[in-house]
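Same chain, two partners: chain A is paired with chain B first, then with chain C.
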Partner chain A sequence: MKYLRLVLANLLRSKRRTFLTVFSIAVALFLFCTLRTVITSFEAAMRASNATRLVVRHAASLVFPLPLAYRERLAQVPGVTGITYGNWFGGYYQDPKNQFAQFAMDVSTFDALFPECVVSEPEKEAFRAERTACIIGRSLARKYGWKIGDEIPIIGTIFPGEWRFTVRGIYTGATKDVDENTLFFHWDYLDQSLPAGRRSLVGLYWLRIASPDLAPAVSRRVDAIFENSAQPTKTETEKAFQAGFISMLGNVRLLLTIIGSAIVFAILLVTINTMMMAARERTAEIAILKSLGFGDGRILFLVGAEAVLLSLAGGLLGSGLAALVFHESDFTGGGFFPNFRVLPETVVLGLGLALVMGIVSGIVPAIQAARLRVADAIRKVA
Partner chain B sequence: MSIPLAYNLRNLYARKVSTLLTALGIGLVSWVFIFTLALAGGFQAALQSTGSARNAIVIRSGSTAELTSIVPREVAAQVETQPEIARAPDGAPLATHELVVLWNLERKNGTTANVVVRGVTAKSMALRPGVRLLRGRMFRPGLEEVVVGKLLEERMAHCSVGDRIKLAGRQWAIVGVMDAGGTAFDSEIWGDVELFMPVFDRPVYQSVTLRLDEPSHFAALQKRLESDPRMSVAVKREDLFYEAQSATLATLLRGLGFFVTLVMALGAVFGALNTMYAAVGSRTKEIGTLLALGFSRGSILLSFLVESVLLALVGGLIGCAMALPVNGITTSTMNFASFSEIAFRFEVTPAMLLAGIVFAAVMGVVGGFFPSRKAARRVIVEALREA
Partner chain C sequence: MTSANGSLIHLRDVHKVYYRDKLEIPVLQGIDLDVDEGEFLALMGPSGSGKSTLLNLIGGIDLATRGEVQVAGESLSRLSPGRLAAWRARHIGFIFQLYNLIPVLTAQQNVELPLLLTRLSSKERRRRVLFALELVGLQDRAKHFPRQLSGGEEQRVAIARAIVADPTLLVADEPTGDLDARNAGEILTLLQRLNAELKKTILMVTHDPHAAERAHITRHLDKGVLQP
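And now, the complex of A and B:
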């Protein structure tokens, strides 16, 4: 550490170059964190999923509903300790571009199965009491400026017409991964508004089980009951259910990783270039340090430390900026990323990457400096 | 008088490693730029070309996709008697009513994906001239036979001619593979609509698609059908209908692409600035000599700027060379409008390559301007005196 001042003095000598290099590394790390956050926000629903909750849907796909009559039989399956059900509403607010999730839920059982959506007791009561009431997530409320008592018109695409819901509660997520961009309303209201032929149909059932270990057994039991019926079921953990959606996004993860790697690699090349230029300009100085008795190892360390320090400064700046910019920004990318938030591990990963960039970019000039022959170097300069 | 270009070329060559590292950095930025454009372009092209401007699609009013639409038989029958519909050679109206459901199928890698299963009529192929049979034969109406799109065959398990797939509790023989020219139909399964309806327990159609006798007759047809309260349908031009499905995701991809490349370009410009400042710094004596020889400050500025742009152009060309192999690679993503997986190919167009090169050149100008100005402002005597 006693050489810190020397390293800093070297860095500050060409302020412009140091500044430019730190900024280009910061840019790379900012983008790296942003792209990784795209991936982690897709997966937020998976992280928020409850290991003691199973999702039951029609075996074919979500398009096919299940009869309401399944409710009693599902509730009696050994291992099931709670049940709720609901339908994906699939509407939009004013313009099809304003997409967010709306679910029609059975109000009497909803809060018992979804404890992660935290609503105050009076709001819960008000929501239950009114047929056209709804509760909305905190960031959804913030995005559109909705308050308790507001009436929200939603245009249905699956269930046609304009539906008006009155906000009676605003929920907050129990953890940061819980999606706060959803609207929940009464399943009964939806059901009773439909023509006779479309009533008593349920999109999804959620089952609560006593322990996560029971998930495979209970899933098998449920699916066995309905296997040969007209509406066979597929039961899986909530995590697996969410994973199914994410897998349909296809190669997004791979594509973003490719782009992210290209960015990091491009800036790495730029940094290597800078480091080599910096070392070349100081050939004479290094030669003098050597003639003063600095060993090869120490020179290697001095030049290398400079690169690492520069990269870490850039990494800290870039990752920090990303965390700051997307913190509570309510950025949802048109509803695609309901939970856009830079995770702490993304920042740590970014800093680790900056460290690696520093070592890689410093290694060639450091070795060159360590191998420098004093006599040659001084002669060249003179 | 201007400084010869050879001076710049030789200078770039003299600093080979530095030139190459900087050019590669700029090249990668151009590559990311072209890559994201090709991704968004390919996705949009797949959906856009799915529809035709000569066709109209009728769905339930309020629905944004076929999947959420319901068109009862009697409404479909009424739509198909409209006078604006073109006639097939046999005199029948060129229109088809179709059933669309999602079915969860296994991919080759063992995971599952939602696939569009479409019940079609004898007219469906005629309405989509881009769709043709690649192998095998068409399914026979009334039999448990289906044909699959070629991109579906590539990605899904047991989806080749001769295989059987299980849908709605029955085994269906795959008798043909269709080539839909990279459109959304390439990711679908087609079978007989009249057989599908009882089997899938769906008493209604999802859409009616028809060929207009004159594209200009669309407005009249739309007005008549949409104003009829008994029908409650929406009439859309087929190409615009599919284009709208791609709009959100394509805009998002492009937005992400522009954001990433612009921010990244900033980083690369910082790198270029470093390189050019170093180039100017190490050539102080040369600059002094050039000034002493009588070259104007303007021509020195220009010369260094040209050098920077040349450096960037090398990078742009490297970016293009790396982007070309991406063209045609198949990838897939979710079509959010239909909740189904759609496969598409990256599409690298000449315009995108040109955009990539221009983008690189702009980086060169921005990254070269300040160092060049510094070079041009040197005072002769001081520059010559410096080591």
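And now, the complex of A and C:
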């Protein structure tokens, strides 16, 4: 601690340079935490997937619906203990940039299949009782300031027109990984509002199975039933479905990791340069400290500590800011990244990275300073 | 803390050679020197005569190419870099021509630097720093930064820094070289007081014959050879 004042005094010697270096590290760490959070939010969606839930869709593509008539046959497949269905609505609120997920769901079976969306019994009853009712996630309600009884106009894109829903319930996630940014409404309301040619069609079926071990067998059985029909199916676990959805974007994880690493590496080079410049400017002062009896190890520590403190300050600022911004903003990336929260472990990872940056950027000037020959340095000054 | 013959500084056949590219530059040639504890010795000589190099060898910030350098009972060539640094902290107080204070630290913090290497409490360090500043007459300048001090005041802070850890030997390299006559006189008087009252052994390199007159003994160095 007794050296802290000396380290801080040296860091604040050129306030502008120190600020710019801390700021550049903070920007790099902010971007790193943001990109990392894209990955963790995908992973959260995967974690929230229920191992005893299967998703059935059209074998060709998500955009092709399946007949409602499949419901009875799916329910009879051995191993299936529950079934619900729904359609992706794909609308927005007031402005196309206000995107979030909306699903038209079979209200009578929805809560049995999705117990992780926790709604109080009275709200559940109110939702079931009203054809235009909806339930919304807690984060969504907070973002737009919606409360029970509010009427929400949603502009449909897949199902054109303005659709009005009345909030009758607000659900919370049973775990922190559950998306709280979705609006669920009555599938019947959607179906009955469509022209005759578009009715009785379902985007997705969700099947509940007795045990995760049954998933491969049940999936095979379901797909075999409809294999030669006009609308063949593809059945997979919810987790596989989520993973497939993400993989449509390509190898996102690798791409984001490369971009994040490149940013951090570029800033690392800038920091190394700054630290070397700062140490070089103080060659005479380091020589004086050595003449006073400061040993090589102590000099190494002092110069290294400056670099580490500088990086940690930037890391704390960048990671902390990322956590704060995305906590306060309820950012969902247009509904693409529900639960977009910077996790504590991401902040810790960012700080760890800042620490490594500090050590790497400080090691070369610290070694140079420690190896400095006092007599030579003093002779140059004199 | 003295050598076998009882002197604080004991040099025998000391040579120092610098190498520039493949060129060999002899700076000191066969120096023999003994300085007793409590002495005030002035070392004079023209530029390039090797005065500062000799001072650096005695202060333990450079090593002789050949010969024996014994100071305060230690043979410096036998010490590892770490032990040599610790030895400097314990025995040597440096005073430089250009003061060499750390510009981002106050006078008090500059003077405290050698004490950071000790196990003293912060309270005790502060007490010693204020005492050293009082000795050099700058107790009211403790919170000033070097840029807020005159040249003479800066040198007095540097002297306070040199004496704060109570070293065995003060080595001063042209301590008045950058000062006007009045300030130079004050600094030399201060060094004389430290020698007389605190019994500090002082080795001073100077060009100035008036400065050398303040010392007990003056030795001349010419082309790396100490004159008899």
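A few comments on the model shown:
Going forward, the second predicted complex is superposed on the first by the 303 of 382 C-alpha atoms of A that agree within 3 Å, B and C clash if a C-alpha of one lies under 4 Å from a C-alpha of the other, contacts with A are read in each partner's own complex, and residues count from 1 in each chain.
Convention: a residue touches a chain if its C-beta (ideal position, glycine included) is under 8 Å from a C-beta of that chain, and two chains touch if they have at least 3 such contacts.
Quick caveat, the model's predicted, so the values are computed rather than measured.
With both structures placed on the common chain, the touch criterion links A:80 to neither chain B nor chain C. Contact with chain B, but none with chain C, is seen for A:27 once the two complexes are overlaid on the shared chain.
For chain A, the partner that touches more of its residues is B, with chain B and chain C as the two candidates. Once the two complexes are laid over each other on the shared chain, residue contacts for A:267 go to chain B alone; chain C is not touched.
When the shared chain is aligned, chain B comes close enough to touch A:60, but chain C does not. In the overlay built on the shared chain, the residue A:2 is in contact with chain C alone; chain B does not reach it.
Applying the stated contact rule after C-alpha superposition, one finds that A:375 touches chain C and leaves chain B untouched. Once the two complexes are overlaid on the shared chain, A:285 sits against chain C while remaining clear of chain B.
Using the contact criterion defined above for the overlaid structures, shared-chain residue A:295 touches chain C, although it does not reach chain B. Once both structures are placed on chain A, no chain A residue is touched by chain B and, in the other complex, by chain C. Residue ranges on chain B touching chain A, taken from their complex, read 17-18, 21-22, 24-29, 31-32, 35-36, 39, 60-65, 67-68, 101-104, 111-114, 167-169, 201, 232, 244, 248-249, 251-252, 255-256, 259-260, 263-264, 266-268, 270-271, 273-275, 277-278, 331-334, 336, 339-341. The touching residues of chain A, counted against chain C in their complex, run 2-3, 5-6, 9-10, 12-13, 284-285, 288-298, 373-375, 378-379, 381-382. Here chain A touches chain B in the complex through residues 16-17, 20-21, 23-25, 27-28, 30-31, 34-35, 38, 59-64, 90, 92, 96-97, 99, 155-158, 160-161, 230, 232, 234, 244-245, 247-252, 255, 258-259, 262-263, 265-267, 269-274, 276-277, 281, 333-334, 336, going by the rule given at the top. By the touch rule above, chain C contacts chain A in their complex via residues 52-53, 56, 59, 61-62, 81-82, 85-90, 92, 94, 96-98, 100, 102-105, 109, 113-114, 116-117, 122, 161, 173-174.
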